[in-house]
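What follows is a single structure, and I will ask about it in a moment.
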Amino acid sequence: MNNFTEILKSINSFLPELSVITTLLLCLIADIIIRKKSPIVTIIAIAGLLVSAYFVYMQSAVQESLFSGMLVIDPFAVFFKYLFILSSIIILIFFEFSNEIKESTHKNEYSYLILSLVLGAFLMASSVNLLMMYLSLELASLTSYILAGYSKSEKKSSESSMKYLIYGAASSGIMLYGMSLLYGFTGSLDIYEISRYLATNPTPNAFIYLTMIMIAAGLGYKTSSVPFHFWTPDVYEGSPTPVTAFLAVTSSAAGFSLITRLFLTTFLGSTQIVDGAFSIIAGIHWQEIIIVISVASMIVGNFVAIWQKSLKRLLGYSSIAQGGYMLAGLVVADTIGLTAMLIYLSAYLFMNLGAFFVTILIVNKLGTDDIEQMKGLGYRLPFVGVAMAVFMLALSGIPATVGFIGKFYLVTALMKPGAGYLWFAIVLMLNSVVSLFFYLKVVKSMFLERADNTDELPGIKFSVQSYIILILLLIPTIFFGLYFGPIVKLAESSAVLFGIR
Amino acid sequence: MAELKILGIGVLSWMVFLPVLGMIIVLALPKSQTKAIKYIAAGFMVLLMFISVYMLANYDSSKAGVNSLEGLQFVEKVTWIDVDFPAAMIGKIHIEYFLGADGLSFPMVLLTALIGFVGAVASFSIKKNEKGYYAMYLFLITGMMGTFVALDFFLFFVFWEIMLFPMYFLIGIWGGERRLYAAIKFFLYTLFGSVFMLIVMIALFFSSKDPQTGLHTFNLITLMNPQTFPPESFFGVLGNTWRLLAFAGLFIGFAIKVPVFPFHTWLPDAHVEAPTAISVILAGVLLKLGTYGLIRISFPIFPDAARYFMYPMAILAAINIIYGALCAMAQKDFKKLIAYSSISHMGYVLLGMASLTTIGMNGAIFQMFNHGTITAVMFLMVGVIYDRAHTRGLYDFGGLANKMPKYFAVTMIAFFASIGLPGLSAFISESFIFLGGFNNEIIRIVTIVSATGIILNAAYILWTVQRVFLGELPTKWDGLNDISVRELISSVPLIVIIIALGIYPSLFINLMSNSVTQLISFIMK
Amino acid sequence: MEITLYHYLTVGAILFSLGLYAMISRKNAIMILMGIELILNACNLNFIAFSKYGGLGVDGQLISIFVILLAVAEAAIALAIVLNIYNNFNTANIDEVDSMKD
Amino acid sequence: MEFALKFLPLAILIIPLVSFLIIIFFGKRLPRQGDWLGTGFLFLNLFLSLYVFIAFMSLGNYSITYDWFSLGANETKFTVGFVVDQLSAVMLIVVNLISALVHLFSVKYMEGDSKYSKYFAYLGLFTFSMLGIVITNNLLLMYVFWELVGLSSYLLIGFWYEKKPPQEAAKKAFIVNRIGDFGFLIGIMIVFYFIGNFAFSEIFSGISSGKIPSGWLTAAGILLFCGAIGKSAQFPLHTWLPDAMEGPTPVSALIHAATMVAAGVYLTARIFIMLSADALTFVAFIGAITAFIAATIALTQNDIKKILAYSTVSQLGYMIMAIGVGAYSYGVFHLVTHAFFKACMFLGAGSVIYGMHHIQNISEMGGLRKKMPITFVTFLISTLAISGIPFTSGFLSKDSILASTMAFGSINGGITIIIPIIAFLVAGMTAFYMFRLVIKTFLGEPRNKEKYDHCHESPLQMTLPLMILSGLSIFFFYSFNPFGAEGGWFINVLKSPESLLVGTKGAIYHIVSREEFHEALHHAHYPAMILSLVLAGLGILISFVFYFWNKVDTEKLKKALNPLYKFSLNKWYFDELYHYTAVSFVMGLSALASLFDKYVIDGIVNGAAYLTVKLSDFGGLFDKYVVDGLVNFTGGTVWVFGMILRKFQTGRVQTYIGFLVFSIVLLYFIFRWI
Amino acid sequence: MPELTTILFYIFAFITVGFAIIVVSTKNVMYSAVSLFMSLFGIAALFLLLRADFLALTQVMVYIGGILVLLIFGIMLTTKITDAEIKTNNLSYIPAAFFTTGIFVILIFVLYTTKWNQKTPIQNEETISQIGKALLSSYVLPFEIASIVLLVALVGAIMFSRKK
C-alpha cells in the first residue's frame, strides 16, 4: 500500500506538468469547438503556461524525487522549466504573427503541439531514469516532427519533417541500444544506482566509451551538436520560421538539460562537491568526448555559416555553434561551468528569439529569407533593421550585450586557474571572431549595401504589436548586457543538482 | 571630494547620459521632421555646454587628484555589478560605476562639449536620413564623454567600445565614395587595439587585491598604488617583464587611437571619407582619447615601465612629427593634408608626454586641447569649400582670397595657429613641449630633431595657402559665395578661444597644472 | 551446449547492424521505416536478454513494452509524413527529395 | 617725467596694434580707407618715443615685469615686461620715425590699390611687432614678436598675391626666417634649461654666476645668433631678402632696409655681453662673409631695388661684423645711420619707379636729374653717406667700424686680420656700385625716350620723407666733429656694456676689456680713416670711368672676366644650390614618405584586409566549379574548411545517417587510442 | 542429445536473421514486407525462450498486427499502380556496407569483452502479474506519459492526412 501513498505525494508535487497536460487537453477541445481559426486557443495555452509557471515558482526551494525515482525536483530543473515556459509563450506569440502558419491549416493545432513539446521538455529536465529520459525525448521528438511538417502543403516543410523523422528515429534507436548496454552492465535504469555501480566496479574502457558515444548520439541529435547535426540546416530552412525558432531554443535547451544531468550524475565518483568541482570517476574521461563535440560544433557551425545564403539556414548553423559554446560550460564539470552554461542559455534564448522574430517579420513582408534580397532593407524598416543589428551583435558576443556576458562567464570558467582549459578559451574566442563575419554579413547587406531600387521602394510599416514584441525582446538583450546581476544570481542559485551536495 | 548634483543626479552622469536622452527623443521623432531633429540635437549640445560651464564655475583648480581619491572632483561612485561565485577561485567580481574628474580629464570634458556643439552645428549640411545620423552622433558623444570621466577600467573599456559603433556607421553610411573601406579599416584597427587592452585589463583584474576590501578590482585609483599587487602576482615586482609587457600592450591599444606611426594609416582614409562634422569630431576629440588613456591608465599604473620606455616613445613621437609633416607635403587632397598634419601635431603631444617633465606634460595636455580646437576649425573650413565646390583637390582651387575674404581670414588664423605662430594658443603648448623635452637629458637630441618639425609644418601650410588662396581664380569658381552665418557660428567661438588662450594661457593652465605636477611627481617617485 | 547471454546479444547486434544498413542504403521511405523497426527490435531483444540473464526482474520487459508502444506511435507519424511527401513530390524515393542542398 | 618711463613704452607698443585692429575690421568703411588713422597714430608714436628718449636721458634705465602665468605650484614662472635702456630707447625712435615716414610715403604711392586699407593694417601690425622686439626684456617674448614680425613681412611681401612671384617670395621669406627661428628656439631651450627663466636680467646674472657651462654657453650664443642670421639675411640665409623686393617699395624701405632686418643686429647687440669668445668669432666671420658676398653680387645687378637690397645685406654684414669684433656701440651707430640713408634711398627708388611708371631696370633709365631734382639730390646725399664720404653720418659710423676691425686685427692677430681686409675691400666696392647706380639712373642721357618724356617729380607727400631722411644722414646730428665720432653725444649714449666674459680666450679670439679695446682703437683710428677715404674715392673714380665717361667698354670687360661676371650676376648660384640641395631633398623625402605610407604600410594593412574582405565578401566571388576544381590553400583555411564541411550537406537523408554511423565509429576509435 | 531449447533457439535465431537479411537485400518492397513479418515472428519466439511470454504476445499483436499492417498500407498507397514498379534499385551500398560492418565489429568486440552482470536467472513462469503490478506502482508515470504520446501521434497523423 505504500506505493499508493507515495504516488499521491508525488502527484501533488507534479503540479506544473499536470497543469500543462490539462491546458493541452483544454486547447484540444477548444480547437474542436471553435470552427474557424481564432486566437482564443493561444490565449488559453498562454494562461495555462502561466499557471504552471506559478506552480514551478512554488517548487523553487524544493529538492525531492518523485514517482519512485523516476523524476526529481531541484533548482536545476526549476531553472529549465522557467526557460521552457518563457520561450514557449514567446513562440506561441510568434505563431500568431507568422503568415506561413496562417495559410497552412485552417485550425490552430500548433498550440497544443507546443504544449506537448513543453511537457516533453519538462520531463527531460527532471527525469533521472533511463526509461523516463527515452520516453520524454521521444515525446519531444515526435511533436517536433509534426511541427516541422506543419505547413504540409509546402514541399520544403514536408521534406524537412521527413528528414527530421528519419534522422531522429535513427539516433534515438542508437541511444536506446546504448542504454540497453548500460542497463545490461549496471543492472538498473536509475542513473544514481548506475553511478554507484560504475564508481565501485572497474569498467572496461571499450564498453564505457561505446555506450557513452551511443548515448551522446541520441542527445547530440537533440542539441544539434556536430557530428549529429546533419538534420539541422535542412530542417531549420524547411520548416516554418516559428517552428525553427522553437526547435532552436526550447528543444535544444531541453537537450542540454538532459545531457548535463546525464553526464554530471551518472559518471560521478562521489556525491560531494569538492571545492566547487564534481568529483568524476577516475577511469571515465567523458570530458574528452564533450570537448571534441563542442570544438567540432563551434568550428563547423561558424565556418560553414559564412557560406549561407538563407537567413534561417544561417541561424541554424549559428545555433550549432552556440550549442558548441554551451557544451564548453559542461566540459569544466564544476559549478562555475554549470552557471556559465545556464547564463549563456538564458542569453541565447533572448538573442535567438529576437533574431527569429525579425526573420518572421522579414519573411512575412519579402516572402523569402535570402540575404541577398535584403540589400538596403535597413532603410525601409529602420527600427526592425536596428533591432536585427543588435541581436546579431549580441549573438556574436560584442560587449554591452547579453551575448558578451554569456561568453565572458564561459571564458572565465574556462580560464579559471584550476581548470587549465586556456587553449579551449582561445578556440572559443577565435570562433566568436569568425562568427563576427557572418553575423555582420546580415547587418552589412541590410545597411551598407544598397540594392538598385532601394530608394524608390516605400518604407515598410509593421503592426504596433510587432513593434511592442520587438521592444520586449530588445530590452533584455541590452539591459541584461549592461546590468547582468539578476541573471547571474539566478543561474548561480540553480546550479545545484539533486543528490549532489 | 566636491559633490555637485543637479536634480539629485551627479553632474558627470548628466554630462554622459544627456546625449542618450537626446538620442531617444530624436529617435521618437518621425523621419520627416528633419528641421526639428537638427535643432533638438544642437539644443542638447548647448545644454551640455551649459552644464560644463556650470562645472567650470565650481571647479577647484587647487586640487590635484591623479591618484589620490580626495583630489578628485564631481565624484560619483555606485556599485554597478556585485556578483560572487561562492566556491570558485574568482571570488567576488565587484565593479563600480565610478566617475570623477581632475586636472587631466576636466579640460577634455570641456573640449568634448565644445567640439560636440561645433560638430552638431556643422552637421546641418547632412541631407541623408538625418534621424539616424543625429541618433548615432549623440550616441558617439556619450561614448566619448564617458571614456573621459570613467575611473573604473571596466567602465572605461565599455565606453571605449561603445564609441566604436556609431563611428563605424557614421563613416560607413554617410561617408564619401570609399566609405565602406574606411569604416571597416577604422573598426578593425581600433578593435585590434582594444583586444590588447582587454587582455591587460583582465590580467590587472586577476592580479590585483584591493588593500581595503581584499577583492580583485578594476578601480583605476586603487590600481595606481603599488600595494594593490601582491608580490607573487604578475605585476607584483616593479619593473618585471610582465609590467613592461602590460605597458606595451596598453600602449599599442592607445597608440592606434593617437595615431602613432606604424598604426596611423586609418586616419587619412577615415578623414577623407567621413562627412565634415564627423572629421571635426574625429580629429577634435577622438584622437585625444589615445593620449588621455596613456596619462590616465598606463603612466600612473606602470610608472616604472613609463620611465623604461621613455626613449622609444620619444623616438616614435619624433617619427610621427617628421613623417606626418613630410607626408602632408605630398598630399593632393585637402582633408588628407589636414589628417597628416594632425598626425604630426599628435606627435608633439606624445613627445611632451615622453619627456615626463611637468612643463612637458603641461604642454602635452594643452596641445591636446589646442589641436582639438585648431583642427576642428581647419576641417570646418574644408567643409565650407567642399559644400560649395564638391571637390577637395588642392590643385582645383586658387585665388580664393579675393572671392571669399572672410573665409580667407578665418582659415589664415587657423593655419597660422597650426604652425604655432606666437599670439595663438598652439605656440605656448609647442614651446612648452620643446622646453620640457629639452630639459629631459635622455630625449634631448630627439627633441631637437623633432623641433625641425616647425619648419616642415610651416612649409606645407604655406604651400597650401599659396595653392588655394593666392594666384588667379579659375573661372569655374566664380559662383562661390563667402562663408555663411551658420558656418561662422560654428568656427568663430573656436577662433576666439585660440586667440584668447594664445594671449592669456593661464585660463587653461591653472585648471591642470596642479594635477600634472602630482602626476609627474608620482611617476618619477 | 548451453544458450548463454552472448548468443542473444549477437543476434541483437546483427539485427541492429542490418537495421542501420537498411536505413542507409534503401531508397524507398517505407524500407527506411522497416530499418527503424529492426533497430528497435534489436534493442528490445537486448533488454529482455539482460533482464533474464542478469536476474533483474521485470524492468527489462517493461522497458520493451514502452519501446514497442513508442514504435507504434512513431510508425503512425512516419506513415503520415511519408504520405504527405508522396502528395507533394509524388514519389516515395527519398533521394530525389533533396531540394535543400549545402 | 618718471610717469613717461612707466607707461609710455607700453602705450607706444599698443597704439600700432590698435591701428591694425581698427583698420583691419573697419578699414573699408573709414574715410580714405583709414590711411590717415595709421599715419596719424604713427606720428603720435614718434612723438611719444621722443618723449621717452628724453625721459631716459634724464632718469636712466628702467624696466618692469608683470606675471604672465605660472606652471605648477610656482615652479616655473613666466613673466612679461619691457625695458627702456640706451639700446631700446634709440631703436624706439628709429623704428617709429621711419615707420611714420613710410606711412606718409605710401599714402601717395599705394593710391588706388584695391587692398589699400589692408596695406595700412599690415603696416600697423608690423610696427607693433617690431616695437615689441625692441622694448621687451624677456627672451621668450622676443621670440614671440620675432615670429610676428616674420608673419607681417610674409603678409606685406605677398601683398600683391595675384601674381606668382610675390607668392613665392613671401613663402620663401617666411620659411627661411623659420629656419633661423628654429636655431633661435633651440638657443632659448638651452638657456631655459640652465637658467629656468627667460628675463634677460636673470639670464645675464645666471651666466655671470657661471650657471651655464662654457661649452653650452658658446652653443647658446651661436644658436641665438642663428635667429639673427635668419632675420637679418646673413650669409647662409640671405637669399630671401632680394626676392622680398617683390613687395611694394615703401614696404621694402621700411622692412627690408631699416627695421626688420635690423632686428637681427638688435638681438646680437642685446645678447652681446653673454656671447663667448668663439661665438663672437663666429659672428664676426659671418658678418664679414655676408658683407663680401653681397657686395660682389651687387656689382652686376641691373634692377634698382635688387642693388639696394644687396647693399642692405652687405651693410648688415658690416654691422654684425662690428659687433662680432667687439665694437658694440659703433655697430649700433651704423645700424641707426644706415636705417636713415637706406630708407631714404629705397623711398627715392620708389619715387623713381612711381615717376617712371614701374620700370625697375636701371639700364632703361638715365638723365633723371632734370626731371626729378629733389629725388636726385636726396638720393645723392644718401649715396655719399653709404659710401662713407666725410660730412655724412655714414662716414662717422663706417669709418669707426673700419677702425675697430683694424684694432681687432691688431689685438688678436693670426688669421683674424682677414676681417679688416674684407672690411676695407667691401667699403671700396660699396662706393663703386652705389655710384654706378646713381650715374646710370640720374646722370647721363635718357635711354628710354618716351618713358623719360612723361616722367615727372613725385608729389610732396613722397618728397618730404626723402628730404627728412637725407637730412638725418648729415653728420651734424650725431657729433659735431665731422671726422671723429667719439666726441659725439650719440656715441656716449650708446656706451658698449662690459662683456660678462672679459678675458676669456676663444680659439683665435680673446675678449678684451673696453678700455684696452679703446686704446687699440685710438691707435688704428687715423690709418683706417685715410685708407677708407682712399678706397672710397677709388671706387667712385672707377664707377665714373666706367659709366659716366664710358672710357672703358663694359661689354668687353664682361667677356674678359666672363666666369666671374656670370658668377656674380647669378647671385653666386645660391638659389640654385639651395633648390637642388635642401628644397629638393625635402620634397623628395616627402614624396618618398607619402609613397612609403601609401604602399608599404597600407600595403601590409590592405594585404591583411584583402584576405578579410575576400572572406567576408562572398557574393559572386567563388562559384561552385572553382571549389570542386582546385582547393586553393592560400585562400585561407576558414573559407576552405567551411567549403569542405559544406559538402557534407548533400540533402539526402540516407547520407546523413551514413555520416552519423561513420562518426560514431570514428569517435570510438579516437577514444580507444587517447 | 543437445537440449531442446538450444535447438529451438538456433531455429528461431536462424529465421530472424535470415529473413532480416532478405528484408534488407530484396529489390521488391512487398517481398521485404513479408520477410519482415517472418523476422518479427522469429523475435517473438525468442522472447518466449527468454521467458518473456507477455512480451511475445504484445510483439505479435502490436508489432506484427499493427505496425506491419501499417507499413503494407504505406507501400500500397505510395507505389503507383500504373507502372507497378515496386522494384527500387539500391543506392550506392558499398560505403553503407562498410560502415555497418564497422559498427557490427565494434559491437561484437564490446559485447564479448565486457563482463556482464550475470546472476542466477530466477525462473518464474508467468510474468504478466508482475508487469501489471509494476506498471501501476513504480512505472505509473511512464504509463501516463505514454498515453499522451499516443494522443499526440494521433493528432499528428490526422493533421497530416486531413484535406486542408
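Going in written order, the chains are labelled A, B, C, D and E, and every chain counts its residues from 1.
Basically, contacts are C-beta pairs under 8 Å (C-beta built on N, C-alpha and C of every residue); 3 or more make two chains touch, one makes a residue touch a chain.
All figures in this text were calculated on a predicted structure; none of them were measured in a lab.
Participant: If subunit D were absent, into what connected groups would the remaining chains fall?
Facilitator: Without subunit D in the graph, we get one piece.
Participant: Looking at every pair of chains, which has the largest contact count?
Facilitator: Among the chain pairs, C-E has the highest number of C-beta contacts.
Participant: Just grab the chain with the largest centre-to-centre distance to subunit C, centres being mean Cα coordinates.
Facilitator: Centroid comparison gives D as the farthest chain from subunit C.
Participant: Compared with subunit E, which chain's mean CA position is the farthest off?
Facilitator: Relative to subunit E, the chain with the farthest C-alpha centre is D.
Participant: If you average the Cα atoms of each chain, whose average lands nearest the overall Cα average?
Facilitator: If we average C-alpha coordinates per chain, B lands closest to the whole-structure average.
Participant: Report, in whole Å, the distance between the mean C-alpha point of subunit B and the mean C-alpha point of subunit D.
Facilitator: The mean C-alpha positions of subunit B and subunit D differ by 37 Å.
Participant: Please tell me the distance, in whole Å, between the geometric centres of subunit C and subunit E computed from their C-alpha atoms.
Facilitator: 6
Participant: For subunit A and subunit E, what's the span in angstrom between their mean Cα positions?
Facilitator: 32
Participant: When the C-alpha atoms of subunit C and subunit D are each averaged to a single point, how far apart are the two points in Å?
Facilitator: So the centroids are 102 Å from each other.
Participant: Considering subunit D alone, which of its residues make contact with at least two other chains?
Facilitator: Within subunit D, residues 612, 646, 649, 651, 653-654, 657-658, 661, 664, 668 contact more than one other chain.
Participant: Check each residue of subunit C and list the ones that touch at least two other chains.
Facilitator: 16, 20, 23-27, 29, 32, 49-50, 54, 56, 59-60, 62, 66, 70, 73-74, 77, 81-82, 84, 94-95, 99-100, 102 - these are the residues of subunit C that touch more than one other chain.
Participant: Hey, what residues on subunit B touch two or more of the other chains?
Facilitator: none
Participant: Check the chains against each other and report every pair that touches.
Facilitator: Pairwise, the chains that meet the contact rule are A-B, A-C, A-D, A-E, B-D, C-D, C-E, D-E.
Participant: Going by the contact rule set out above, which residues of subunit B touch subunit A in the complex?
Facilitator: Going by the criterion above, the answer is residues 31, 80-83, 85-90, 129, 131-132, 157-158, 161-162, 165, 169, 172-173, 180, 183.
Participant: Quick one: in the complex, what on subunit E touches subunit C?
Facilitator: Against subunit C, subunit E makes touches at 2-3, 5-6, 9, 13, 16-17, 20-21, 23-24, 29, 32-33, 36, 39-40, 43, 46-47, 49-52, 54-55, 58-59, 62-63, 66-67, 70-71, 73-75, 77-79, 88-93, 96-97, 99-101, 103-104, 107-108, 111-112, 116-122, 127, 130-131, 134-135, 139, 142, 146, 149-150, 152-154, 156-157, 159-161.
Participant: Under the stated contact criterion, what part of subunit D meets subunit B in this complex?
Facilitator: The contact residues of subunit D facing subunit B are 68-73, 75-76, 140, 143-148, 151, 154, 158, 161-162, 164, 167-168, 170-171, 174-175, 178-179, 181-182, 185-186, 188-190, 192-193, 586-587, 589-595, 597, 601-602, 605, 609, 612-613.
Participant: Would you pull the subunit E residues touching subunit D in the complex into a rising list?
Facilitator: Residues 91, 95-96, 99-100, 102-103, 106 of subunit E touch subunit D in their complex.
Participant: Of all residues in subunit A, which touch subunit E in the complex?
Facilitator: Residues 3, 7, 10, 21, 24, 28, 66-71, 105-106, 109, 112-113, 116, 119, 123, 131-132, 135-136, 138-139, 142-143, 145-146, 149, 152-153, 181, 184-187, 204, 206-207, 210.
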